[in-house]
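Some structures to go through are shown next.
Consider the two complexes below, in which chain A is the common component and chain B and chain C are the respective partners.
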Partner chain A sequence: MENFDMSMINWSRGQFAMSAMFHWIFVPLTLGLIILVAIMETIYVRTGDEKWKKLTQFWAKLFGINFAIGVATGIILEFQFGTNWSNYSWFVGDIFGAPLAIEGIMAFFLEATFVAVMFFGWSKVSKRFHLLSTWMVAVGANLSALWILVANAWMQYPVGTVFNPMTARNEMTDFWAVLFSPVAINKFLHTVASGYVLSAVFVVGVSSWFLLKKRDTLFAKRSILLASIFGITTSLFLIWSGDESARQMADKQPMKFAAMEALWEGQTNAPLIAIGLLQKPAPPKTSGKYQEKEFAVKIEIPDLLSYMAFLDPNAYIPGIKDLVNGYTDPNSGVVEISYYEKMERGKEAIAALKGYKEALKADDTESLRLFASKFEDPAWMEDTFKYFGYGYYTEKTVAGLIPNVPVAFYSFHIMVALSGHFLALFIVMLIFTLKNKIDRMRWLHHIAIWTIPLAYLAGQLGWVVAEMGRQPWVIQDLMPAIAAVSRIDASSVQLTFWLFAITFTVLLIAEIRILLAQIKKGVTGGH
Partner chain B sequence: MFESLSHLALQQYWWIIVSLLASLLVFLFFVQGGQTLIFTLAKNELERKMLVNSLGRKWEFTFTTLVTFGGAFFASFPLFYSTSFGGAYWVWMIILFAFVIQAVAYEFRTKPGNFLGQRTYEVFLIVNGALGTILIGAAVGTFFTGSAFSVDKLNLTNIFSDGSTTISSWQGPAYGLEAALNIQNLSLGLAVFFLARILGILYFMNSIQDETIFKRSKKHLMINAIPFLIFFLLFVGLLLTSSGFAVIPDASRPAMLWKIEMEPYKYLHNLLGMPIVLVTFLLGVVLVLSGIGASLFKSGCTRGIWPAGVGTVLTVFSLLMLAGLNNTAYYPSTYDLQSSLTIMNSSSSKFTLTVMSYVSLLVPFVAAYIVYAWRSLNKKKIDAAEMQSGDHAY
Partner chain C sequence: MMKNSRNYLVRIFTFYYSGFREMPLWGRQLWLIIILKLFIMFAIFRLFFFPDYLQSNFSSDAERSQHVIEQLTGQNQTN
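Showing the complex of A and B:
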């Protein structure tokens, strides 16, 4: 990797991660809160009860504050694909650009247009048109999630494309395969579900604060009732789609799956680690190129990992070392080649592209035909080109192909544990609400309030697993981050990193303070 | 229906779509222009509140159009996305920064607990209005004047040697900021800036019911019209007398490999060679001028924004047609002529352009509901009474 400016690459990664994480502070609330707002407004329109209108307006106001900063942090993400990941933008722009454009045309205009009606239209348009507008904002927000997640899923599991050596990029051949890729569908469902759960936690938590302060109690109880039902439904859905997602990962991104469980050695009847603490082994256990981390403490559930991954308790789960060194599945006898072999094949693919391009430049039709025939041969594409991205690595840099294991492991396990907590909270809240005892449960109010930051944490951790777990790939197996970047200097990226990190932090502080001030005003405390 | 079109026809279709989005964006820059005038046209808080709120109902359209323009450009001409954004890094980053701070400014400006204070958010609006328009204008200027970069897809295979693996590389340390030193780029940037201010003024005259603001707007319309005309004429003069980057068709090779050559008076030739564009351009200019003229000289005229807006769209659109059609490289490289981007060598595949063309059929529906929502919100003009009523105001 002597060719690569690792400082610039890591700052670019950092900048993308930082802006994506900031963006994800605001988006999940937008996704779910708008649905709750729309449901509240629907009840208002159906019953004519002004109290529901007040409640709708209260939550809509919080939505609006959050929405603005979501927009602010979103624009940089779109353009960053170009500014910092220039090679990426060309290499897969033929597929990746489409969902971004569709997101703009289909979703953003819907949101932008109707959000204005939602805020300013109360006294200007009819009740029904206003309600329709609110629902349109909800549809727009969720549609935008669909398209960007389709794009993200494609990076994790590239489908519906073929590589064209003439243009030196992947070109789309099947739009529906990209849109209805099982990974895309699941990623969409799981991600929006996490937004719904977070929104339900937010509403339950904020309402609990009102109960604690004995203010706006009717409004708070109505909000809790609605949000806890919404929360239970979406939590179950979240857990189901998460399970599905793990299964897909075991199949399509086995390295991420192994890292998530800190599984170094593969095994059949693999147990699931329920709780575990990783430590550096003493003396350091290294294979010369990368360092393993052992468990200091762990509690396992036998067979569960195998079952989770392949619905078969006997299934073999390859560990990180097996993936690197190659392995034979003891059940099926299927042989998986090593990363070293993949590097060789990747280099062959890169050399073929080089040969093709040079022949094209030199107008050497003979060799052009020779190289072109490789790219036209499905067997060569499947055996060799498939590993194009591995060609950027060498034996010396093989550790670069392994994601950060502790980060993946802890993020995943904490996220899963938290999702259980959320479900339990909603159930308890609902039970006490139905028993009409909710306003007396002060301890529960405290828990609900403190669950709000936990919901944000869980969402962030989910993205950490998804994105850091797949490193170094920006496109699974085809393009690593080192080959995806722009050619700019590290100091420029550092400067923009801090520019945006500081700006976003300041805006976040402003946002939180404004939100708190609005909440303190309460539902009936005027505008 | 799009399947039957040739790749070239699809590339032209998409150049037209992207140009249309860019033209609409310049029209919608009335928001940005208006933002730079919130202290000039308003002398007290109530007046400023009217200005900010009239813009605040529209800013998202501009923002969304910018984002959609970016997405559409990415989907249709990804090599532009990777070359320009990844090279002219600082220009785009500053533009992005200017839009980031705008997005929160309206919502946060008057909210209690907003941390930075009302003035700061107002300064954000002004910074966005000035930087956004000037820099985007100057960046578009480089479509005609060129930038120093090289594109070599062979770089992707540079694992066997020491070279960079990045396909597009920018030359020089300024990462795009050097564009502002070119008089032609700068004159376009400033023309866009003053045009945005003119459109902003015309929008205020149309959407706010207030005698004082109306009078002041009229006065400042003249003040901004003069520099606009100077910079616009300077830009057009330089453009039509300059050499351009011509694509030389060569039937024996694929269009993406066609050579680029300098051609004297290329843009003038393009204008005369495409009579429809010539007519559109002239019509656009006349409409902009008539919108300004009517608002200046016809007493009580509040509708100047419409001819001026339509004229803006037509003028910008026709300029972009000069940049990309008629065998012209729309994003030329002055460092390596053959690295210049044309609609043929920088576009998406035929398949993707076909898919996206179907998506483009949604645009009329989008436009229809925008018009409907716009009209239902603008039925009643903004006035002091509404601002004081406290119904969700910025």
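Showing the complex of A and C:
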């Protein structure tokens, strides 16, 4: 890796991570709050109760603020592809183009049109058309998320494409395989579910503030009732989809799965770490050696990791060292090749691409036919080209193929613990609401308010697990970050990093100020 | 037919026009933020700080693919 400008790579990574994390502050509330607003409006249209209309308008206003501030923040990520990640951008070809184009068109027509009706149309269109518009905004916002998540899922599990050595681009051969890839479907479901849970926490938290202040109590209680039910339902869905994600990860990204559990040695009947504290600092990635981190403290649940991964408590889970050195599954006898073998195959694939291009340049038809036949051979593509990205590593730099274990481990475990906290909070809130004691539970109101930032933290940690857990890959097994970046100067990325940091911080402060001002006005405080 | 479609367009225009005119202060603040944000993103960031590396440095797709292949297969491997 000594030939790579690691400073440029790390600043580009940092910039992308920062932009994505800021973007994800705005998106989840948009995804979930609009559904709650649509449910409230549906109740209003069905019952004719004006209080539900007021409530709908209040939460719609908060949705509108978040939507407006967050809109287009994701475009920044696309800017970075062309500037910082040009090799990657070229290599993925039209895989990103098609979903993102569909997203743009859908977002424009569905959201832009119906958002206007939602905010301008209360007294101008019929109740039913207004309700339809609100639901269309909900559908549009969630479908927009689908397309970008499909693109992300392809990076985690590339399917439905073929590599063209002439252009060095991946070409989509099966749009439906890309769209309905199991990773894409699950990623979409898990991600939107996390947005729904966050929104339910937001509504419960803000409503609790009203109860603490003894203002708009009827509105607050109705909001809590609805959001708690929504929160319980979506939390259970979130846990189910998270479980599915873990199973997919164990199968398709076993290194991420092992890092998430800090599992260095493979084992059958693998326990799940319920609580754990790692010791030993991370070694430098370029040292050529990796150093396992042992647990200083841990509480395990026997067999659960094996069961979680393969629905079999006896299943074998390979550890990080097994994946690097290769292993034989003691149950099935299946042999998994080592990273060192994958490196050799990756180098062969890189050499074949180089040979193909040189033969083309020299007009050497015989060599060209030889290299072309490799890329046309499905078996070679599956056995050798599949490991293209490993070719950038050597025995000395093998540690670069292991993600940051403490980051993956703690992010995953804190996220899971927080999900449990949210579910418990919703259940307790619902019980006290149904018993009509919720307005007296001041301690619970405080917990609910302070859970709002925790919901944002959980969402961010989910992305940290997904994205940092798959390092070094920008495209799983095919392209590591070191091969994906442009040959530009690190200082230009540093400059734009800080420009983004300032811009996004200002936007976030603006959002929080406007949101707080509107919350303080209250439901009956006018528009 | 043409008159109908013109009426329809007028109604849409009026809908948006009155919507913006009757917008409360917080709505106006939001629009100001949106416009400012889009200006910063597209007129400053995109134009001055985020050129498309391959588009700016190479004139054809053949050159771009050649460059990327050189990058992917050239001296950058860690041997």
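One rule holds for everything that comes next: the second predicted complex is superposed on the first by the 517 of 527 C-alpha atoms of A that agree within 3 Å, B and C clash if a C-alpha of one lies under 4 Å from a C-alpha of the other, contacts with A are read in each partner's own complex, and residues count from 1 in each chain.
Rule of thumb we're sticking to: a contact is a pair of C-beta atoms (placed from the backbone, for glycine too) under 8 Å apart; a residue touches a chain by one contact, two chains touch by 3 or more.
The structure displayed is predicted, hence computed values, not measured ones.
Colleague: Would you mind checking whether chain B and chain C clash or fit side by side on chain A after the superposition?
Modeller: clash
Colleague: For A:A262, using the defined touch cut-off, is the partner it touches chain B, chain C, both, or neither? Pick first, second, both or neither.
Modeller: Touch status of A:A262: no partner.
Colleague: Mind telling me which of the two, chain B or chain C, contacts the most residues of chain A?
Modeller: Between chain B and chain C, the winner on chain A residue contacts is B.
Colleague: Per the contact definition in the header, classify A:I105: touching chain B only (first), chain C only (second), both, or neither.
Modeller: Only chain B; A:I105 stays clear of chain C.
Colleague: Who does A:V474 touch here: chain B (first), chain C (second), both, or neither?
Modeller: It touches nothing on chain B or chain C.
Colleague: After lining up the shared chain so the two structures overlap, which partner does A:G121 touch, if you call chain B first and chain C second: first, second, both or neither?
Modeller: both
Colleague: In the overlaid three-chain picture, which partner chain does A:T397 touch, first (chain B) or second (chain C), both, or neither?
Modeller: A:T397 sits against chain C, while chain B stays out of touch.
Colleague: When the two structures are overlaid on chain A, which partner does A:T173 contact: first (chain B), second (chain C), both, or neither?
Modeller: In the superposition, A:T173 touches chain B alone.
Colleague: With the two complexes superposed on chain A, say which partner A:G93 touches: chain B (first), chain C (second), both, or neither.
Modeller: first
Colleague: When the two structures are overlaid on chain A, which partner does A:F129 contact: first (chain B), second (chain C), both, or neither?
Modeller: Touch partner of A:F129: chain B, not chain C.
Colleague: If we overlay the two complexes on their shared chain A, which of chain B and chain C does A:V464 touch? Say first, second, both or neither.
Modeller: Neither: A:V464 stays clear of chain B and chain C.
Colleague: Which listed stretch of chain B (22-30, 40-48 or 94-102) steric-clashes with chain C in the superposition?
Modeller: Only one listed stretch clashes with chain C, namely 94-102.
Colleague: So chain A touches chain B in one structure and chain C in the other; where do those two contact lists coincide?
Modeller: Residues 2-4, 61, 64-65, 68-69, 71-72, 75-76, 79, 82-83, 86-87, 89-91, 116, 119-121, 124, 166-169, 347, 350-351, 353-354, 357, 391-392, 482-483, 486-488, 492, 496, 499, 503, 507, 510, 514, 517-518, 527, which sit in both footprints.
Colleague: Which residues, counting only chain B, touch chain A once they are in their complex?
Modeller: So the residues of chain B in touch with chain A come to 57-58, 60-61, 63-64, 66-72, 74-76, 78-79, 81-87, 89-90, 92-93, 96-97, 99-104, 106-108, 111-116, 153-154, 156-160, 162-170, 173, 175, 254, 256-257, 348-349, 351-352, 355-356, 359-360, 362-363, 366, 369-370, 373-374, 376-377, 379-380, 390-392.
Colleague: Spell out the part of chain C that touches chain A in their complex, as residue ranges.
Modeller: Interface residues on the chain C side: 15-16, 18-20, 22, 24, 26-27, 29-31, 33-34, 37-38, 40-41, 45-46, 49-55, 61, 64-66, 68-69, 71-79.
Colleague: In the complex, go through chain A and note every residue touching chain C.
Modeller: 1-4, 61, 64-65, 68-69, 71-72, 75-76, 79-80, 82-83, 86-87, 89-91, 116, 119-121, 124, 166-169, 347, 350-351, 353-354, 357, 391-394, 396-397, 482-483, 486-488, 492, 495-496, 499, 503, 507, 510, 514, 517-518, 527
Colleague: Name, in rising order, each residue of chain A that touches chain B in their complex.
Modeller: Listed in rising order, the residues are 2-4, 61, 64-65, 67-69, 71-76, 78-79, 81-91, 93-98, 100-106, 108-117, 119-125, 129, 133, 164, 166-169, 171-173, 175, 347, 350-351, 353-354, 357-358, 360-361, 391-392, 482-483, 485-489, 492, 496, 499-500, 503, 506-507, 509-511, 513-514, 516-518, 526-527.
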